[in-house]
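Two complexes come next, and they have one chain in common, chain A, joined by chain B in the first and chain C in the second.
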Partner chain A sequence: MNQADVSKLISQLRIAVRPKARNLKNKDGPEGRLLKLRKTVTALVKHERIELYYNRADEARGYAELLISNAIRHGDRHKATMELADYWLLEKQLVHKLFKVLVPRYENFNVSYTRMYKAPRDYPGMYYKKSVLELRGNPYPALTPDLSQNRNLLHNVLLDEARKEFKREQLAELANKLAAESGTKSTTTTSVTSDMPKEQKTENETPTTV
Partner chain B sequence: MSVVAKLHRTTWSTLKQLQQNGRKARFSASATTSRNDLFTHEQRRQREAVGRVDKIEVRYMGQPEDVTLVMNKHISTPYNCAQHLSEGICKRSALALIDGSVPWDMHRPLPESCTLQLLHFFVAEPHLVNKAFWRSCSFMLGAALSRIFKTEARLQLHSFPSPNIKSGSFVHDVVLGTHTWEPTKAEMRAVSAEMVKLAARDIPIERLEVEQELAQEMFKDSRYKNAQLPSIAQQNQGRVTLYRLDDHIDISRGPMVGSTRFLGKCTIIGAHKLSNKGATDAFYRFQGVALPSGFMLNHVAYSLLEQRAQKLNPARLPNEPFEDQQQLQLS
Partner chain C sequence: MSRNLFLSITKFVQHLEHLFLPNGSPPPALALAGFHQQINDVGSTQNFNLKQLLGNGVLWAVPKHRRTVEKRLNRKFGYPEYVWKPLKVKTHLRTCNQCGHDYEVGVLCPHCYDKVRQETQLMQDKIQEHLGLEPVEQEVIVLYDGEKTAEASDALKGKRIVEMQKQRPMWFTKNLLQKSTQQQSETKEVKPTDLG
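Up next is the complex of A and B:
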């Protein structure tokens, strides 16, 4: 009855986390693993985009998400959060960056704070999967091409035409309805056309490109 | 004893049936092989007619850097130029642009010195390459249809109108030996699957210009193509442009993309009956929508495109009188 709502005790992450942690082979054991991850999280907060092996990136990503999420939830007056930041960020000036730059940036986000891409592996070289881990909203140019801007691309031409046809059909439908309603009353065509655009904007939900 | 006799009778009847089917299939198969033999023969003849090899200078403009290539006149193609640049460019280039304005097939020999640009689907102004893609889709649809229909259906390819992407679908008009075929979803899916199979096989699309007489000889068993040939040849100084995909040969003005590999997501979604043709046959219009490989589209958005492609395409119908020969099929 008086139990706390468990789901609110810890931050809910917006990424898929593996049920089991990776050991990330290290001669110092679990401590060495954590030091590796602390270095990665520090580098991510510092550089905002890093390229590294997939396993280490995926493992560090969850901790970075948790750190930012807690910082947003509790703010910089919360002792536990401050300790968490102190632990994960090896360079202490980054604690300021976390609360003064990243928290305002991600306050109103409803998606994850980080992004991960698969990167090509070196050839010839180590046969380990590589990846790029980045903070969203970083100042670098985007890694993936933006296919929604160029309206001449084939899929955009098709989608634009589909949207136009949808609007035409709606217009015709509405005109028919008005004509049927008015019956013998003579309606001016100008009133019909002036009404149209508002209706379509609300009704037309044709999705754009991805 | 009676069982043996029964068995014998059944095997005999199936054998006979098989033989009959085989004869039917052999007839159309032999027409295809003879057409292909003529195509290959003419291709070789044209290659040998080049004679002494002259050199041309091709100025390539684009990534990774502008270079001048010394190529063979009437032999080297834009694809060969791409081979000098990189494997990535070879794979990516769907169409070439000669002297900044003339679209050119990737596998068509270059006749003289020129500048060369290689186009792909993500360039800033992709109109030309989009159009070539749409045309290739119509052409591939013809190949897929002629593979998938049994001989009993008496399928004859008629033509395809010039590509219009804004209409939302690519089209191939055919004549089927029935008045009352209602395509089911499964049948349309089978045609789509055939298109996907063609795409997966990465077959180069070859181009060949031939004299009208040879084209008549090649299409002598195809009634509709044979009727179209004189007017097509008349517009092009007695020559006809043919395209080949594996063993499928069709007439088209071109240009087309270099390979079937460029077809990505593809759905053949509509087959509309246009009109009856004679006592037994009827015109059908097959329609589909496709995206080049590499385009990722949300499935909701793609389903909207599919719905639109299902409606009858308003392009010129094959049974309408050819009032304007320029418009006549196969651009």
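Up next is the complex of A and C:
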């Protein structure tokens, strides 16, 4: 086995991982810490967006990323991955969600599967930092403003113009049609003029924003 | 430094005086304010004892040296590079472009986040309502009032539809299509975006 294969043995995470794990003080020691983290990972997979203290969120994020990454790489026929999922997900119906919902969702992702934001605190309030941890592609409203909707961006300007031109064409067609109809009342109709707008309509599709 | 030197020299001189003039110079007398009568009594009578002296609080510990002005200022205001006691100007506060509230740099805007959090909570409650012990196998799509008929059927295929019994909030739009039936403007001025 050469060096390149060795580097593929474990999943490469797309988030920054601290060199040393946090202790996360717990009265039950390391087992208590792991139980807390398992609860957090389970809640994250279940609710897709959770708010909690920063340290625990950051610690649990790495484990959640690893779990999803392994599930994507090995699939549900891999014994070790299944054991990993069984360990980290306390509610066993979520094991199905991991392999049947999250894996298809994240298969072609180039970025991390989770996002983390710093949540606001009351002032002065508690000292501890809070954070929001969420899975990407969740159905909830976005936490950050969508800056791609700025209408001064080049692609939006171009789309706007395309849309206006399309509308103008449609209006012109409508005017032609009305003129033709009013013309038929006075004179005899020609089949060519009535068929023309229909063909044009099928060619144009409504452009949508990016 | 100079003060210590001065004190040690004074002490040395006193020591010399004591060596050469054991009875020559008069002994230093205690000068006390407020206990005039009593001290005179103590001096006149021979039953002088330490307990009485201590009981009156004469020999309690007091600062030996005056603190320098630098020390006093540091104790009062702290150290700018370590701990600064007076109020500080916060330079990491900004105004939100969406709602106009203040927020810390790098942290979500409290007002916008509160709005999102409440809506998220409602959606989560709705989604969890029918989630029992059955395996979760489908993506969830949340639809608001009057959206089910408008949605294309193949987009909903293989997905669990959760319907919210309310109108979709104005700020949570799915497709921000803009109006295209407006007059072409003649001016070159650009209206600012992201306001309000």
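Criterion: the second predicted complex is superposed on the first by the 143 of 210 C-alpha atoms of A that agree within 3 Å, B and C clash if a C-alpha of one lies under 4 Å from a C-alpha of the other, contacts with A are read in each partner's own complex, and residues count from 1 in each chain.
The criterion applied here is as follows: a contact is a pair of C-beta atoms (placed from the backbone, for glycine too) under 8 Å apart; a residue touches a chain by one contact, two chains touch by 3 or more.
Quick caveat: nothing in here was measured; it's all calculated off a predicted structure.
Colleague: In the overlaid three-chain picture, which partner chain does A:K167 touch, first (chain B) or second (chain C), both, or neither?
Modeller: In the superposition, A:K167 touches chain C alone.
Colleague: Have a look and say if chain B or chain C is in touch with more residues of chain A.
Modeller: In the superposed model, C touches more residues of chain A.
Colleague: Quick check on the superposed pair: does A:K100 touch chain B, chain C, both, or neither? Answer first, second, both or neither.
Modeller: Only chain C is touched by A:K100; chain B is not.
Colleague: Considering only the touch criterion stated at the top, classify A:V132 as touching first (chain B), second (chain C), both, or neither.
Modeller: second
Colleague: For A:V157, decide between first (touching chain B), second (touching chain C), both and neither.
Modeller: First partner only, chain B.
Colleague: For A:A119 in the superposed arrangement: first (chain B), second (chain C), both or neither?
Modeller: second
Colleague: Report for A:P145: first if it touches chain B alone, second if chain C alone, otherwise both or neither.
Modeller: Once the two structures are laid over each other on A, A:P145 reaches both partners.
Colleague: Classify the contacts of A:R49 with the two partner chains as first (chain B alone), second (chain C alone), both, or neither.
Modeller: In the superposed model, A:R49 contacts chain C only, not chain B.
Colleague: Of all the chain A residues, which ones make contact with chain B and with chain C?
Modeller: In the superposed arrangement, which is not itself an observed complex, chain A uses residues 145, 147, 150, 152, 208-209 for both chain B and chain C.
Colleague: Please give the residue numbers of chain A that touch chain B in the complex, ascending.
Modeller: 145, 147, 150, 152-155, 157-159, 161-162, 165, 206-210
Colleague: Under the touch definition given earlier, write down the residues of chain B that touch chain A in their complex.
Modeller: The touching residues are 121-122, 124-127, 130, 133, 165-168, 289, 291-292, 295-298, 300-301, 304-305, 308.
Colleague: Hey, which residues of chain A end up touching chain C in the complex?
Modeller: 46-47, 49, 51, 93-97, 100-101, 105, 117-120, 132, 139-147, 149-152, 160, 163-164, 166-167, 208-209
Colleague: Spell out the residues on chain C that touch chain A in their complex, using ranges where they run on.
Modeller: Answer in residue numbers: 97-98, 103-104, 106-110, 112-113, 116-117, 119-120, 123-124, 127-128, 131, 133-142, 169, 171-172, 175-178, 180-181, 184, 190, 193-194.
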